[in-house]
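Labels A, B, C, D, E and F are assigned to the chains in the order they are written; within every chain, residues are numbered from 1.
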């Protein structure tokens, strides 16, 4: 597959994620859109890793492995982030019974 | 204490081995598996019925004498004795020419027992001076409506000893031998 | 386009199709008869006889049950979410069936032409991990169903079930890692081959097996971990609003899960299709009988495990929810970790 | 060693003063130490004036190219002497003024003195900047803490103004440093810089704004009257008597020789501003009723004259400025002392409420008149030679508008005479009213202070040669440097 | 069109469509479900790229753990109803436009990248298999691996701090 | 390496201490001793003693710059704990866990100050931010704290997403995650490279709260418990700046034409927004938040200039800024009233505290003889060395002059206004530490070589 396709696909996913972050008000959905962004990155990294593998496999059999490992690390971190993030959201919900980010304006005054 | 099976409750804190329950679970599983090989106590009911005890009180039967005449004189003692007030009846005068049907001059034109109320205590049997009602060894079959549980005289009457002797004998059951 | 179609290895597709069909059929069959066995075993353990009316010894009972479920009225609650309400049981069923893809059911079958047909739908490199991934997705069936019912008991049950499954996946995976230390591969086929060569893993990993087994119970929502269906607390659990075949799917999915998890356990710890103490390859059986024999061996082992599932169900009372979580997080996970570390240490020592 | 001592004595004694709780003690202690500083300063001029004593260099922040390099040149001598004299005068003159937390007050005063001394002797741009700010901070605290009602806002304005100016200067300093071949901040490297005309011209403003704010020159002066008015008088004395000289010194030492082409190019503009400032400040001063504000505006006018004289770019002007820096400091301190007395005695600074003081307090009247006349540069007073030299300088400047500048500057002098005499008339003559009725004459400390000032006024008025000798060499050097560079830049 | 290409386009369309549904669904539960679909299609892409390990891990971690948590939270909060009050339409539009612009900019920037002629190896190459990844992970990348354990520890402590009732 | 490993271990120790140790004071002392230990081992590493020889495969490099910054961060943390550890008790019940999180953050700080691979950068930043989300929200009953935490979390993860996209694009262009730039840049660099670089720039700006990505900062700093605001506004922010400059120094130096102007604009915007908005604040805490943005603008100048002076200066800046801000926050945490008026007349009640506070504020404002001046001086000097940057420098000093306004408001309140501000009990140690901080600031302000000699050791 031409690498271009993967670049555009993941950028599109990334942009969709960003649009979600910008337009939605529900904290959980915003968070999900962020996860979507991370996944777009993951896809791109894997595609690149295979690209580099194709280019450099002769010189280095493991060429491109690092890209996939990075994806692995991103997943690991995302898992940790989710646990913390949801804990925060739940804590918030316990207090104000809403996850609407538009209510997050108490700090403004 | 009588059975000597009571056990003092042990509230000591559990040791580590106890607290993982493994041994106890295995013990329990041993108990259950041992039952796999035990004799099954179930009876294959319709094919195989369980014999009733001698004193079993089953469905009511309105008795006839040897000649097939009804014993009941509609005296109402059974209805009075009934603690559940399940029995109602209407009396009628025996007309001439009906002597082969009824033993006495008075008979029950209508005799109903509401089986939903009846508690099968057998007091009606005790009260009857004519030996007209007794509790057999059969059980009330299931039914779809309430109506069906109000047993009419026809449902209660014992088959005619002359016309259907086998059915009569069967309905009589072991009661016959007692009497 | 045509060239592409021609280029496809249709024979392979056919072969796999047959295999898949066979396994699905087998799964259904086993599941059906596990319901029967459940009742039978329950009866036996309680000194009863169990179903014996439909057919000789009641062996047609599952068919009767199925028929009954089929012909019952389909009720979809008005306030429920219609699409998800249907999706729930479907997902449960799909995930339950998918798991069987990587299990090697028998020794490979060699045709006359010399081509080898593995008795395994796909010998994936990730093997056991695939099972895990599918199992982890299986949670959705329960959650979606429970939520879509729009009934708080269902919801609570669904959440209980899901959290239970998520929690017990961890010790399960950790216990598994110790096995993977031994085999050095995630491929199911290699795991089995390794056991054929070096003896069953249960010898090396008794503790690991125990943990795995307990987790398998929890994953299948079986007693003593059947909290999602705790009738006396939650009416009927997450499938309370379900009726007819949708309910049937849930129930079936549970039994299929039992079957598959037994198969996985057998494959991982009890040598898969291996017959213990003998070297069956030396018997000189032809390939078909060899496959058949190994298949019956694995099925026997699975049957044993299914029996153990049932046996446990009728022995041990249900856990309380906090006990369940305590067991999972505070006992099993540390235990599994210790097991893992010890295994690793021993392997390192022996290799030195 | 002398310059280091000049900085260290007030710095250390100032820090000590923070811990003196008793007011009397603090006052006496600071007076003694300031006299000590004066002694050192005088020693520097008289006994130990060999270069080895007047110059010191220590390693400090070599990586940045900066060193602790201090030196007292002729201009430094004048200004250090001024600072050293002024402090005892201030302390004596305000001996009776009560301060809350006097320890802190005097400590800050001494710290400011250390900063001022540092500015006057620093021969390293970064060091110069350090002391520039160091002098400012204590002044800010002094004005804000012990000042009048509106002190906080006003002094804050003052602070922001000066700070803004100084950071702009900092940019200039950094830029110049980056241009020096050895990446050094030393004044020597700066002097050796040869920058293009365009570069010079924008850096000029970075520096000049800082100095102009400090002096203050006409459009940058708005902080000054308010601050003088609101500050405690002792602080005002430091501000107007010594601190404004920082700006002048900056122009003379750091601007002119370093950026000669720009100074030449912008000379007309600056002179125009200065002269406009003279007239403007004088006109406003005439309208003032508040003595403090009047003196403040008169100070603007005087400084404007000095600034104009600097940019006249000849030796006469330069020397005049250096002379006048000293004289202006002395005179204005004298004025402030009297203003302080009036304010303390009568609780008002409004001329319209005063009157007839000559009868009640003749000694004060005498002193005041002398000082006021010195302020308008009557012959025989100290300001006369200074102003004479400055006018001479402006008249001889190579600016094509020299005549115009001279006329307007002269107009400023005349106007100065108008408001000064008017002030004298209003305060000391006329009817004695309720406010001034209970007036009493000067007390011993005021007499001492004013006596010294008047003595100085006359001494220098009669024999300014002492100061002229000191500044002769340095002003020549500045001019020479300029001429050399002008030749190059042509 | 080979099978691979067909699969690629199919998975891409599914991924994009479901991603769009994630951000446009009114009901959060649907968003979660659509997101799961997206993850599956991305996993499909991984398989296409023969990154099997990542495909599986993606499902286990994202679909199997992370999204379950999301679903949990949403269900427990009972957000199934349309709780999101209508946002300022202009703001929404602005967000969409901003995102679109970003997309455009990125696409424009990367349109003529020098590597556009290059290909990603599909269906082949074994670097995505667990053996290779594992070897690399536990030799070269062992330090980051250990570091990520610190990350997890901190997340764990954090979740306890936040979640524990006082 | 010493610090990285030992602080991770100490974090675990603190985790367990929550149920092993009963006394809060014991936990606190343990933590402080731990930081002291970390400082010592870091000093040993500077001296060449490395306890752990780990093959990092070129992903981490503990060079002088990193170690020196670690020393600053550890010293700041040490002082911070001495000053504020007691105040953490008021935040919530999980006393030991807070310390554990701080130790974990220190791990992250050592990582971001020494990374040589994007992977480490990513992990380091996450290790820093994830505990910070928690600490921000640790005052669970306080709605503001909750909100701050959520806001911080959402925006933080969002920026992480941007960063990862940037890293991915860079990987696509170069095929490695190493930050060292070996490629020869052609006349027109690859669009992938530039796009990735810009995304990284944006996300790093997010993390250091540079405008226009700063908007989370005031809310988060305001909402977080003051003790933790202190930590995150100083040490953490400084660490991320170190990462920022390291990243751009290592990776993107050759791309300078592409980013110089952008960073210049970001710097100017940060300075402008930070300073101007700070002027209008009524709450000191919020003012400090904006001031931290303003200071970030100055620190951005180091990235902008990217020369040796910038690196040295950033070290000084981090030290100066951290010391001063920690001190101010420590005092603020003891104040019952966070408005400016709350400080009225503090000098009469607590002359020593007010005095030290004044020095801190002067340092932040950049008055000479304090470290803050030299820090700003270095920044200006570094920026000046880059051609065509005069506008930025002039703008920066103008903004510095503006900053004086709001810093001096506190001084005015303390010294010149009437009022009876008082602190909640302060111990002797607290005061002594404040004095120590003051001495450090002044010493650094006069002799920056005390710090910088170690850079060239």
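Keep this in mind: a residue touches a chain if its C-beta (ideal position, glycine included) is under 8 Å from a C-beta of that chain, and two chains touch if they have at least 3 such contacts.
Nothing here was measured: the structure is a model prediction, and the numbers come from that model.
Q: Remove chain A in your head; which chains still hang together?
A: Chain A out, touching clusters collapse to one piece.
Q: Which chains make contact with chain B and with chain D at once?
A: In this structure, no chain contacts chain D and also chain B.
Q: Using only Cα atoms to place each chain's centre, name the chain farthest from chain D.
A: The most distant chain relative to chain D turns out to be B.
Q: From the Cα centroids, identify the chain that ends up most central relative to all protein Cα atoms.
A: Measuring from the global C-alpha mean, the nearest chain centre belongs to F.
Q: When contacts are scored as defined above, which chain pair ends up with more C-beta pairs, B-C or C-E?
A: Answer by contact count: C-E.
Q: Just the number, please: Cα centre separation of chain E and chain F in whole Å.
A: Here the centre of chain F sits 32 Å away from the centre of chain E.
Q: What is the distance in Å between the mean C-alpha positions of chain D and chain E?
A: Measuring from centre to centre gives 71 Å for this pair.
Q: Please compute the C-alpha centroid of chain C, do the same for chain F, then give the distance between them in whole Å.
A: Each chain reduced to its C-alpha mean, chain C and chain F end up 53 Å apart.
Q: Once you find the CA centre of chain B and the CA centre of chain F, what distance in Å lies between them?
A: Spacing between the chain centres: roughly 91 Å.
Q: Could you check chain F for residues that touch two or more other chains and list them?
A: Counting only residues that touch two or more other chains, chain F contributes 119, 123, 126, 130, 133-134, 137, 140-141, 169, 172.
Q: So, with touch as defined above, which chain pairs make the list?
A: Applying the touch criterion to every chain pair yields A-E, A-F, B-C, C-E, D-F, E-F.
Q: Going by the contact rule set out above, which residues of chain E touch chain C in the complex?
A: 1-3, 29, 33, 36, 52-53, 55-57, 59-60, 63-65, 68, 71-72, 75-76, 80, 129-131
Q: Using the touch definition from the top, list the residues of chain F that touch chain E in their complex.
A: 8, 11-12, 15, 54-57, 59-60, 92-94, 97-98, 100-101, 104-105, 107, 111, 117, 119-120, 123-124, 126-127, 130-131, 133-134, 137-138, 140-141, 169, 172-173, 190-192, 194-195
Q: Please give the residue numbers of chain A that touch chain E in the complex, ascending.
A: Its residues touching chain E are 1-9, 11-20, 22-26, 28-29, 31-33, 35-36, 39, 42-43, 46-51, 53-55, 57, 62-66, 68-69, 71-73, 75-84, 86-91, 93, 98-100, 102.
Q: Please name which positions on chain D make contact with chain F in the complex.
A: 60-64, 126, 129-130, 132-134, 137, 141, 144-145, 151-152, 156, 159-160, 163-164, 167-168, 170-171, 174-175, 177-178
Q: So in the complex, the part of chain E that touches chain A is made up of which residues?
A: Touch list, chain E to chain A: 4-5, 8, 12, 15-16, 19-20, 22-23, 28, 31-32, 35, 38-39, 42, 45-46, 48-51, 53-54, 57-58, 61-62, 65-66, 69-70, 72-74, 76-77, 79, 83-85, 87, 91-92, 94-96, 98-100, 102-103, 106-107, 110, 113, 115-122, 125, 127-128, 132-133, 136-137, 140-141, 144, 148, 151-152, 154-156, 158-159, 162-163.
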